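Across the two complexes that follow, chain A remains constant while its partner is chain B and subsequently chain C.
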Partner chain A sequence: MSEYAGSFASPGVSVGKVEKLFARLAEPPGVLATECGAGLGPVTLAYETYGRLNADRSNAVLVCHALSGDSHLAGYYREDDPKPGWWDLMVGPGKGLDTERYFVVCANVLGGCMGSTGPGSENPATGRPFGATFPVLTIGDMVKAQKLLVEHLGIERLLAVVGGSMGGMQVLEWAVRYPEAVRGAVPLATTTKHSALAIAFNEVARQAIMTDPAWRGGDYSADEPPSHGLAVARMIGHITYLSDAAMRRKFDRRLQDRCEIGYTFEADFQVASYLRHQGQKFVERFDANSFLYLTKATDYFNLENAWGGGSLTAAFSRALARFLIVSYTSDWLYPTYQSKTMVQALKKAGKKVSFCEIEADFGHDAFLLPSERLTSLISGFLATLAREEA
Partner chain B sequence: MRFDLAVIADWIEPKATVLDLGCGPGELLAHLRAVKEVVGTGIEKDEDEVATAIGRGLTVIQGDMNEEIRDYPDKSFDYVILSQTLMQVFDPARIIGEMIRVGRYGIVSFPNFGHWRCRAQLFFRGRAPVTRELPYQWYDTPNIRVIAYADFTRFCRTFGFKVLNEAAVRERAGGGSGARVTRLKNLLATHGVFMLAR
Partner chain C sequence: MSEYAGSFASPGVSVGKVEKLFARLAEPPGVLATECGAGLGPVTLAYETYGRLNADRSNAVLVCHALSGDSHLAGYYREDDPKPGWWDLMVGPGKGLDTERYFVVCANVLGGCMGSTGPGSENPATGRPFGATFPVLTIGDMVKAQKLLVEHLGIERLLAVVGGSMGGMQVLEWAVRYPEAVRGAVPLATTTKHSALAIAFNEVARQAIMTDPAWRGGDYSADEPPSHGLAVARMIGHITYLSDAAMRRKFDRRLQDRCEIGYTFEADFQVASYLRHQGQKFVERFDANSFLYLTKATDYFNLENAWGGGSLTAAFSRALARFLIVSYTSDWLYPTYQSKTMVQALKKAGKKVSFCEIEADFGHDAFLLPSERLTSLISGFLATLAREEA
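Let's look at the complex of A and B:
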C-alpha cells in the first residue's frame, strides 16, 4: 500500500517516452468471474511495456503496483512531465529491471482508477458509473485480470513477477494461482495476510470516506467527490508508510511557516502541514471508491486460507517459482516477522527462497526509495533465472 | 579458496543439494555450483554478506542458523555444511544433531586448537594463542569455544555422531593450498574436517 507521491528521478538512462496502452479483456461471451460471485466483462486494463519481448517470449517481467500506484512505471508521457514513472529508479536500461534484457509490463489493477475498469467505470448494464455497485474485489480477481492481459500479450510464462506492498500480495497470488506461469516471485515489503493493525488503519481510512456526506453511498458525481474523506484517508495511510525515525528526521516538532505555536487549529507543525498537503494532492489523482475497493481487497487477502486450507505451507506447495523476499527493518505495517513466516512456510514446502531484511529507517515506503541494495538483489535474482532459462 | 573448503568440495557428489550454514558472501556455494553443479542454499545473518550472495545469484536466507535450520523437514538436503563456524556456536551438539537431521550428511570444519603453535604459545609465553587460523585477541574474538582435533573426535563418540570421513589438514600460509596430515593429527593439523551422519 504505497506512497507514490515522491517519485525519484533516477541516475542512469531513462526508458524515455512511453505510452499508456489499453487492453479490452473478457469480451463477451467471456466474462471475468469475481470471487464474490459477480461477473465482469468486458474489462479494460491500462498498461505499459518497456523493453522488447524476445523471440521465445521468455524475458517478460510483470510488475504489480501498490495501492496508489498505476501502470506508469518509468519514463515520461510528455517531454515536459515534471516526474517520471513511480519506479523509474528500478526500471530502465542497465537498472535493476534492465529493459535491455527484460520485457517489463505493468498494468493498473482491476478496481483502480488510472485507466483500468473500476468503480468509476461505466456499468454497461445501466450506462452510469458502477459506484458502490461494483463487485467487491479480491487480490485474486486482480491477478486473474492480469493473467488475461499477459495472455493477450502472447506470454505463456513470466520470467518473474515483482511488486511491493499490495503489489507483493499480487506476486504471492500469482505464484500459487498460476504456478506454471511464474518462474520467479519477488514480493517486497508485503504479507500473506493483513494483521489486525493493518485492517484497523484501513477501516479508519474507509470510514473517513464513507462518513463524508459527499460520498452519497458511493454514488457521487465526478465533480463532487468526497474529497475531504479521501484526503483524511490518505493522511492515515501515509502515517503507516513512514516510521517514527523517518518522521523524526523529516519533521521532528518543527513548525510550519511560523516561529511559535499559534494557539489555533491551523497546521502549526510541519508534519501536519505535510499530511494535509499529501491528502490534497491525492484527491486530485485518486478516486475515493477505488480506495475503498482496493483497501478492502488487501484486508480480505489471506493466502493460506484461499489456497492451503489454513496452511501457508500447503498454499506454497502449489508454487513452482523461486522466491526472493525482501523486508525492511522499520516497516511496522508489514513487519519482518510476516516475511519470515513466508520464508518458513516456503522452506517447509521445499521451495527455493532467498530472504534479505534491509536495514532502513524509512518505514514501509522504503522499497520505493533509491537503494543499491534492492537493485543488486533483484538484478542478481533475475540474472540467475534468465541464465537457467537459456 | 581456503584449503578446508577445497576438501569439503572434494567430498561432495555432483548435483547434490547443499545447505551451507553461515555461508558468508557465498564463496563455497558459488564454487560448488560451478564445479559440482550443486543446488545450494545458504544461511547467513549479516545483511551485507546475504546481499552479496543473492546478488551473485545464490539462494540465501538472512537469519540465525540455530533458528533457520529448524524449519527444514528431515533429509531436505544431501549435505549440510558448517565451515569454520563451530567455534561460535552456543550449542554444538544441538546444531550438529540438526545438521544430520535435515541432511543425509553433515560436514564440519574448524581450526585445530591442539596444533603445536597454539600449544607453544601457551606453554612458552603463557598467553592465549593468536595464530593465523585463530587471529583474535581474547577480548575481540567472535569465538566462544576452542576445539582441538582430539576433542572433536571424542565429542562425536560421546554424542553418537557417526564419523564417515575425516581429514586432518595442514593449510599453508595464504590459505590457498595445503596437505593432508596422516600422523600426529592433533599436533600437526591446522584444521579438522569431518563428515558426519546419524
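Let's look at the complex of A and C:
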C-alpha cells in the first residue's frame, strides 16, 4: 500500500470515476425468452465500464464475474470504500486488462442480486419479489442478456470475453452462442460441465438454504432471510475454493485467540473461525435465492449437450474466437483435466488455443489472486488480438 | 447372494447369535474422568462379541468403529433385519477377522447414540438428557472407556486393535496410551491429526446443526430433533467419503427419473437425489448432538501433541505394538501422505510397521468396501501376531 501513499485508491481507476449504470434490456417484443420457456419482461442489468471505447469500437473486453461477484471490477466508488472492485488487480491502466487500451465492461449477471434482475426483484405481475417463482435460469440466459447489453453499448464484436469459474462458463457460452461477436475467449479455472462432485457440493449448499425454515419456499422477506442456511452454503463453497495445501499454509491447526483447545463447540481453530466469518459476511451482501439460481445454472451448464449434441468438438466447431485457457494445479473443483478436455476438443475442431496450467496451491480461488503469470498471459493475448485487427 | 441361497444371513455369524450387550464401567471411585476435567459417572458401553475367547485370553481383537458406526459388526440380530452389521464383509468364520480363530469385540463409542453413554443419555443429576451439557470428549476418553470394557471382559492384552477413520484414531490412541495392552495395531484410512481441510468440513457440518433453530442450544426433544441441520451435515460428510472418480463412475451427470433437466430446484441429478436420501436415512438413526461430540473429538485428536510433546516419533516411541497401516489412493480426507508420515515416525522410533497404499477410486469409504487385498493383509497380520505368541 505504501507505494501509493497519499491515495487510498488503486492507481489508475480514480475514485468517483467508477459508477454503477443500469440498462433496461429486452428482445422484441419486449421480453427476454429464457431457456426454460419463460419470458422475463424487460430485464435490468447493472454494469460498469472502464476505459474508453475507441472510434471503430474494436477494443471492448467483457468480463464475466463468478458466483459471488458483481459489476464492480476495479477502483472505488467513494473515498471511504473499504475495498476496491473484485478484480482490481487485473483491471486498470497498465494492468492485465489495460484500461488505457481497452474498454472494459462488466455486468452483474441476470439472476444476481447486485443490481440486475433476479429473484429478489419485484415481479410486476404481483408487486412482490419473484422469489422462487423466478424462472430457473441457465448460463445461456445470462449470456443472452449480456449480448443485449453489448448491443445497447453499440458494440458488435468484442475483442475478448474473460472470466473465471462461473464467469468462465459464460465465456465458453459466448464463444459458441455468438461466434461472430467474440474474437478472443479467456475461460479461467472453469469447465464445460460440472462433475458429479461439483454438483454434489452445490446441492448440499442449496439444501442448507432450502431446509432453513426462514427460506419459506423462497418467499422470505428482506429483513428475515434464511441467513443460517446461506451462511452454511457459503462455508461449503468456501472450502471448495481453497485446497488442502492452501488451508494448511493459511491455518494448519492453529487455534483462535487461545493456546489450548477449549473443550466447547466454539470455533477454537482458526480455520473454523475464518469460515464462520466468511459465512456471516456473505449473508450481509448476498441474496439466498440468487445463490440457489446461480448455482443451479452452473449445474445445468453443459456446453457439449447444448451446442454439440453431446460432442464438445462439435460445439466448439461453431466458435470463431481464439482461446486462452488457464487452469490451476490445486483447483479440485474444476481440475486441470477438465481444461485439457477443452483444449483437445478445440484442437480437434481446428481452433486456435493456448493453454496454461499455472502452478499454484491456492485452489480454485487462485484466479482471483495476484499472479504475474496470469497478468502477462492475458495482456499478451489481448495484444495479439489487437494486432491481428490492425 | 445366490451363493448363500436358503439363508438370508451372511455365512458364519448366525442369526440370533449376535446380540447387543451392555456394561456399566467406571474407574475408581465410580466415575470416568474425562480429559476436559469432567467426571462421567458410571458409563454404559454397548458392545457385541463374535467368536470365542481362548483359554489364555490371547485371541481378542477389538474393532473400533468410525463416526456413524456402532457395535453391530456382523451378522443379523433377527431374521427380518434388512442388512447385516457394518463390517460383515470382514468379520465371520474364514473372513479377514476370522471368528473361528479370534474373539472379536466391538463397542459403540462413548459419546455415541447406539447404546453407549452419550449426550442423548439421561443426566442423573437432572433426569433429562445431557444435551450440550455433556462433557466435550476426546478420542482418549473413548479409548479409556474401551479399556475398562476390555478389562471387564477379563482381557489384559489384545491381539490387535483394528479400525478405520475415527476408528483408526482410536487404534493409534490405544497403541500409545496402553502400550502393554496392544500387540498389533491396524489403523486404516486415518490420520494422527486432522488437516485444516478436515476440520473445515467438520466445522461446517456442525454449523449446519447448531444453526438449525430446532437444535435449541442442544436441548431439543427426541421427537423434534434438528433434522434439517443433521441431514445437511451428513450430506457434507458423505461427499468427503467419496472421490471425484467414484462419483463420476457412480453418478456422473445422470438425471433422476427423467430424460431432461426440470428447471426446478428438485434433485434432478442422481447425485443430488442420492445425497438427499443419505441425509434423510441418517436422521432416522443418528443423534445430532452425538454428531457434534464425535466430530469435535476427531478435530481435537492430535497424537503427537498429546503423547510426544509435538513429536510424532516421540509419541510412537511409547508403543510396543506391531503396526499395519493402510491408506487409499483416492482418500482425500486423510490422504496417503498422512499415513506415510506415520510410517516414517514409527520407523524412526524403531517400531515394526507394514504399510500398504491400496489402489482404489472409492475415496475415504474404501475401507468399508469389499477388498481382497485388505482382507488378506489383515488376516496375514493377525496370523503373524498369533504365531509370535505361540
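Here is the rule we use: the second predicted complex is superposed on the first by the 370 of 390 C-alpha atoms of A that agree within 3 Å, B and C clash if a C-alpha of one lies under 4 Å from a C-alpha of the other, contacts with A are read in each partner's own complex, and residues count from 1 in each chain.
We adopt the following convention: a contact is a pair of C-beta atoms (placed from the backbone, for glycine too) under 8 Å apart; a residue touches a chain by one contact, two chains touch by 3 or more.
Source: prediction; values computed, not measured.
Residue contacts after overlaying the shared chain place A:T126 against neither chain B nor chain C.
Chain A has more of its residues touched by C than by the other of chain B and chain C.
In the superposition on chain A, A:K250 contacts chain C only, with no contact to chain B. By the touch criterion stated above, A:S221 is placed in contact with neither chain B nor chain C. Once the two complexes are laid over each other on the shared chain, residue contacts for A:A272 go to chain C alone; chain B is not touched. Note: no residue of chain A belongs to the chain B contact set and to the chain C contact set alike, using the contact criterion stated above. Across the interface of their complex, chain A is touched by residues 35-37, 132, 135-136, 193-197, 199-201, 203-204, 206-208, 210-213, 228-229, 231-232, 235-236, 239, 242-244, 247-248, 250-253, 261, 263-265, 267, 269, 271-272, 275-276, 279, 292, 296, 299-300, 302, 332, 335 of chain C.
Against chain B, in their complex, chain A makes its touches with residues 322, 324, 340, 343-344, 347-348, 350, 352-359, 373, 376-377, 379-381, 383-384, 387. Residue ranges on chain B touching chain A, taken from their complex, read 39, 41, 47, 50-51, 54-63, 68, 71-73, 76.
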